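Alright, structures below, take your time with them.
Next come two complexes, and both contain subunit A; in the first it sits with subunit B, in the second with subunit C.
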Partner chain A sequence: MNQPIQTPAPSTLAAVMEMDGQEVSFTPGETIYEVSQRMGRQVPTLCYDDRLDPFGGCRLCVVEVEGLRNPVASCTTKATPGMKVHTKTPTLERHRKTLLELVVSENPKATIDPLRGSASQELVQLRTRYGVTGERFAGHHSGQSRTDDANPFILRDYDQCISCYRCVRVCAEQEGDYAISVRGRGFETKITTEFDGLLQDSACTFCGQCVQTCPTGALADRKAMRAQADPEPIAATRSVCPYCGVGCSVDLLSKGDKLVGIRPARDGGANLGALCVKGQFAFDFVQHEDRLRTPLVRGDDGTLRPASWDEALDRAAAGFAKALHDHGRHSTYAIASGRAPHESAYAIQKLIRATSGTNYVDNCSRA
Partner chain B sequence: MSNPLADMEKPDVIFAIGTNMTECHPVAATRLKKALRRGATMIVADPRRIPLAEIADIYLPLRVGTDVALLLGMAHVIEREGLCDRAFIEARTEDAEAFFEHVRQFTPEWAETICGVPAADIERAALLYGRAERGAIYYTLGITEHICGVDNVQSLCNLALMTGNIGREGTGINPMRGQNNIQGAGDAGGLPNNFPGFLPVTDPDNARRFSELYGREIEPVKGITKVRALELAAEGKLHAMIIAGENTLVSDPDRAHCQHALENLDHLVVIDIFLTETAELADVVLPASAWAETDGVFTNTERRIQRVRAAVPAQGQAKPEWWIVAQIGQRMGAPGFEWHSAQDVFDELCSVSPIYAGVDWEKAGTGKYHWPVPEQGHPGTPRLHEDEFPSPSGKGKFMRVGYRDPAEVVSEQFPVWLTTGRRLQHYHTRTMTGRAGMHFFVPQEVLEVHPDDVARWGLTDGGKCRMVGSRGAVELRVEATDRSPRGTVFCSFSFGDVPVNVLTGAGYDPVTETAELKVCPVRLEPV
Partner chain C sequence: MPTPTDDELIQRWRSEPAPLLPLLHAFHDRDGHLTDDALRAVAKGLRMPLADLFGTVTFYHHFARTPPGQRAPRVCDGPVCRLRGCDALLRALPDATPMPCAGRCDAPIPVLRGAELLVGTTAGGAFGAQGDERGWPPPEAFLRLEPSPLPPPYPGAAGDGSGECVFAEIRTPGRATLAGYRATGGYEALTAARSPSEIIDVITQSGLAGRGGAGFPTGRKWQAVADAPGDPKTIVCNADEGEPGCFKDRALMDHDPHALIEGMAIAARATGATRGFIYLRYEYPDTMVILERAIAEAKTAGLLDGFALCVRRGAGAYVCGEETSLLNSLEGKHPFPRNRPPYPVTHGYEDKPTVVNNVETLCAVAPILRHGATWYRTLGLGDHAGTKVISLSGDVVRPGNYEVPIGLPLRTLLDEWAGGPGPGRSVQAVTMAGLSGGLLGAERLDVTLDEPCLRSHGSFLGAGGIMVFDDTRDMVAVAHEAMAFFAHESCGKCFPCRIGTQRLSERLSPGPGGSGPTELDPWTTEVVDIGDAMKATSACGLGTAAPLITDSLLKYFPEQVARHLAARKA
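Right after this comes the complex of A and B.
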């Protein structure tokens, strides 16, 4: 029997465009910016976050498309077959610099502490790259810091705000909370919460997503900022949140021996860059003064007293050995932790099985 | 979870029951919200008007502990309306006919008399889930912490089996695990009925194998659960216990009984990072290195195996738990405790557990493997039950469950239902969150009471009340809120000064011995 002739679906037709004179194929639906990223071009952006719907607000990412009179925002413009794009011409670069001058005029600070948030260096880096000082349009200013919002987690330093709406969009699109909103337009624009109030009186859950996407440090991690003055470099260690079973990937920020902050991992399989208030901010327990720092054993007077590891471990082992000796194998029991890593539970179940020969072990999932 | 978290963005009908997800698994909830943004519809069943209920298309406010009745009513409608997936039932399940016969008795009108949800809403919910192309069920402890926890879960499985909503993208039966590594504690063998890898201890081959591996004859007999162990301890029939990282005294039901049990032991060893209420009862307290100080592995609710890493040195002389336990093992003369690193321990676990056979320390570090990973080179299993179920026949078995009342029901003396749970900003007994600035949000525990009930029991919003149950009483502040339905109140078990678990603990699921922490009749008195 004859096979019907297969016509390829339009999406499988080779889609090819040209970028800076180089042929490049693309997947239909890809934006010019996405193609430029794959090509290793360094098109500057400010309002762009790859998790969010394209927005096209800052216009730093403009590129020239042959046949079009005006440059287009590459983050919102889809690639089309045959399109010829230039990502870095002198005109574009001049245009970008001017835009940055304008943006920077709203932003007094030339340095922003990286502890403020994951994306906090974006504007600072562009300033350096384009040699922008901020003097050209000095005077204008949008946004005012909310010094009255004394919550200990999120600093609202709106003097740094450039109205890129990333916080607003991440809250709506990623978090689904719609806690942050925008009022006014132009230099009057300000980012705020419903009814202009304090964060804790709004729908905000303090998940910190706005902090981590802010490209200027206007929204900032107050907890991490406590360590701004510490001289050591910031180290980041990949780990997993210690709270619920979602298992969000985090980077632990430390300075020297001090744990100073938490950052969501954008490539974390479970969370894709999101955290909740616990994962983001509830880490002080680690180096809290209440931590147990030495083994304790109960003394003859009935109270717990500090002991050496040797003494405590001998006591611990002897108690189990005695129970087994005096009362047989069904006299000892272990409860494994649902918080400690696998190695703890594995070791403790082995301890019971290997010393008593019973299966007298459980974990804390029943209560 | 049968399906990965990524699938949460893909169902077209979501059925969330007994899960306060926006507070207890917040980041998972953000993924559900994305599905909603894409046009998915959501059914939420919960006694309390939780935040998820506010964004649901159908909200089913059932009375605490009546999930089976609600789910039987839904199954009835799905069967009656011919919404069953015949091909799936034929190919993948057994005992379907007997089950259908069974559910024909349980009309939504019958269910309404028990669970209080209007029959019309039960119909609507059943039709919605029954007609879904991709229907996904999510639940947590609101389903399991009941004397009928197993029946509840089986009722949910029945719904998924009837409609073929399992083993495919965006579907499934998805319990969300409460603690960061509660999944891992079970995987690693911290269970009375299973060796590592969920190998049944009663299988003589398994017992023989682990006896050889561990150098001691291990009886092929199920051990006892923690619940039973505490009972034996209270009776003086258990003599030594080691507890790792759990504040048993505050988190477990019936605190007075629990305290007596622990005090009655000849020898109690507690490993923890703080001197918890439980550690204060111990004969020996051993300081563990904390999260952020310890290398190891966690497995999350979607069975994803991930590495945790030390970023800072341990406080004082604190040591990793595996090291502490190994030292005790060595000092008891047991072989096989000569590990030098967390990696040694984890690799040993992988070598004895069939579901971890294809991973090791290095692969755990990628965070990309969902167990089972049966052999080297296997990519892992993000989605379970795609081809068969873990039963002898490989088929999913319909279970004929019936409704039972909770262990204790409201009476003249205790006319109000108390249900317990967690709050967003706190975790368990606050050993961690209580030391991390979270009191900014929730400085103290409150009892959530419907405004009508506040008036009815002579209480005042913001005032104190005494909550009395058959086992004890606690005092706490009242918050008038219509999150609580009339006749039901809520508080968390997180605050030591409101030890609500002095009240709970009427009963346990007969199969899993999980405590009925979600239902407790009480009386409210102004103070």
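Right after this comes the complex of A and C.
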């Protein structure tokens, strides 16, 4: 049965507000920050990640709403009809600068290697934008890096941490792993796991989501950081993760012709920025020295020796032909490697169907 | 009684409302601290992530994770107890650690040990000799159990209590029992046949407003909950009383528990709520016993039918007095304050419509219904409606809880009611709203005790704690301790407060913990900039109030600030 067509309620029609003197319509439920983004405003944020529930921690996104005494956090406040909002007054900019100066007083590092993670430049970029020198508000430092956590994937450099809790929230809200949490309170809060242990002893699955949302590089991609000293610029190439059937979009990071890291694509239809431990960190096989570089065939004594492609292909073809002749078409079965590119996976099924006449074909990702 | 097993504790609590805190307390009381195994058992029993639970437990300063834990004494080193020798007591008691103001500023220094609240004294000068610990009598000799003091006799005009509302009957012997409460008119308001809208009308007309700090009109809050869709609705009594220098709610609950219970039951009837919680601060274990006994009495007498009321204890966190942090704490979540809107009236406990009211607010309800809206209104002076309990402490002759008509001159309270600062002394400053309203200097003691007047001077009445400092006190030291308190209690959710309270505290610190400029001008610029950002952008009232300390210090005591900086430079 057809659904009756709903007439929009009057309040939906009247969803108009004013931003910096300009009228703008909005969808009920939209936050002021979301409206500001549509309007091309550059409201600064540090605790915001559009995949997560708005948190309201950094307070950089505050805006003035006419009729209210104090500014409100635009990321947590919904737009309402008739609301008049100012996103960039001198007072707001002054408070934002003070807030950034307070943050930087704890986190003095002016440069962070971009290989640390997708969001790792957020704080340094705001620093530059607001001309924060790091000279004000000197005082104690709260972060404590976990140098004892030697896991090969995630660097826990909490000296850079600004307690935005994006890592905690992404782990809970996106991954459902609840491996990381906030310990203590106030200036002494620390990002931690159960009983302050190592990641490997926690509920962590090393998916790397915390790394990719961290706005300071405090949580960082240890594998990518191995290439920090390489002089070439970082290039990103869009691809699809080869491991399983989900088809997560990734950006392959390279320096020169070397693959140095992998990043989940936020606009990937299948994963929207998510990855698992394999897709995120297990790429060393690509350039591994044990990888075959030439075909091998077995000699009469049964040991492998290098061979030309022609020789190897002839040997394989003869083997298939004999099996088909002796045992029929269903005696052959092809499994494509999940690590092979998609073109190869396509080719192997074509091959087995066309040459053997069987549909016995699969990919290890399906298992 | 055999020691309960993990399983028995979990079975006891897992199906109760708001089970996390009582379950953690059960383990904490049993073992003296919360072991890893206890946390594992609780996480499994309540099906919550272990990392979350671990983080949340570490939020509360009274949950110990290692021995001697709960069995070691915790001594109040709040602003008033510092004037009364808490340092000596801390040195004398083995394993003692400090805790923030424990809400007994009108009595000897409170000391928590095990599950008990004791008081310790510096009597006989035994603690007077700073630093020399040898030859002192065993510290035990100075600790004793002592019920909390009653409010002093009403010092107002007629001396017959006619100016009081919540304290009008509190001194009547036996008032804390059901029989005694009923003998003085108790539960008449609850049992009188009044419709929900009649109740809300009277409360609205009386002008009763929140006595927990924010002053929101109580009738409007109840109406909003009554109107809000969603069931079940909840009445939460905020008995967290964590503000330093505030101890009024404790007096009301200890000596007039049924007044609170009746107020909550009336609120439930007015709003259609079927469940209720009293969220009680950890430092009031005696009050817990009194409240549970009184609730049991009222239940047995059939006065709470259809209203499931229970007490939940906090575990040491001032911010849990902030209503949305309190709700998260009750729900067993990490007690960060929530983003508002939505407000608790529509999305409160378990996201259902909820009234959160202070103890004093709720205690005023039954008398108002019995005597009428006009009666209550006219208890105030001039245009001001009603009364406010002031917890007065520090350098005054008669500290204690005083129920004043709103609009009373501060001077009248200080000098006539409480006997002034003592012979040969003058008042140098008072705090307002506990610590949250900052300081008022000697030249500003001409204020009247009402929000319009106090706000016009950059302060506010809030929960009504006033601490008095005479002319011998170092006001920078007082301000530093106040800011260190806010830094200790900041939840860490928002940047301005998490870093701001810390930086301000460092700037006020005299010792090695200090940092920041040592010249007055750059010092002032930094302190003012931090304070302005905190006031404008903090996510809750803790962060917006804390800079009133530095603002008022600079306003009233610039020369003491200059001396502080000169000493730091030297």
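In this text, the second predicted complex is superposed on the first by the 286 of 367 C-alpha atoms of A that agree within 3 Å, B and C clash if a C-alpha of one lies under 4 Å from a C-alpha of the other, contacts with A are read in each partner's own complex, and residues count from 1 in each chain.
Just so we're on the same page, a contact is a pair of C-beta atoms (placed from the backbone, for glycine too) under 8 Å apart; a residue touches a chain by one contact, two chains touch by 3 or more.
Just so we're clear, the structure is a prediction, and the values are computed from it rather than from any experiment.
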Handout entry: Touched partner set for A:Asn70, first subunit B, second subunit C, both or neither
Key = second
Exercise for the section: Figure out whether A:Ala316 sits in contact with subunit B (first) or subunit C (second), or with both, or with neither. Expected result: first
Practice task
Name the contact category of A:Ser202: first (subunit B only), second (subunit C only), both, or neither.
Solution key: second
Practice task
Applying the touch criterion given at the start, work out whether A:Leu304 contacts subunit B, subunit C, both or neither, answering first, second, both or neither.
Solution key: first
Exercise for the section: Could you say whether A:Leu99 touches subunit B, subunit C, both of them, or neither, answering first, second, both or neither? Expected result: second
Practice task
Answer with first, second, both or neither: which of subunit B and subunit C does A:Lys84 touch in the superposed model?
Solution key: neither
Practice task
Determine, under the contact definition given at the top, whether A:Cys276 touches first (subunit B), second (subunit C), both, or neither.
Solution key: first
Exercise for the section: For A:Gly57, select first, second, both or neither according to whether it touches subunit B, subunit C, the two together, or no partner. Expected result: second
Exercise for the section: Would you mind checking which one, subunit B or subunit C, touches more residues on subunit A? Expected result: B
Exercise for the section: Based on the superposed arrangement, let me know which partner A:Leu252 touches: subunit B (first), subunit C (second), both, or neither? Expected result: first
Practice task
Enumerate the residues of subunit A that count as touching subunit B in its complex and touching subunit C in the other.
Solution key: none
Handout entry: subunit B partner contacts - residues on subunit A that touch it in the complex
Key = 151-153, 173-176, 200, 205-207, 223, 235, 237-249, 252, 254, 257-259, 268-271, 274-279, 281-288, 290-298, 304, 309, 312-324, 326-327, 329-351, 353-355, 357-367
Practice task
Enumerate the contact residues on subunit A facing subunit C in the complex.
Solution key: 46, 54-60, 62, 70-71, 73, 76-78, 91, 94-95, 98-99, 102-103, 105-106, 136-140, 142, 162-163, 172, 178-189, 192-195, 202-203
Completion exercise
Residue set of subunit C touching subunit A in the complex reads 36, 39, 49-52, 54-56, 58-59, 317, 319, 334, 339, 341, 487-503, 506, 513, 515-516, 526, 529-530, 532-533, 535-539, 544
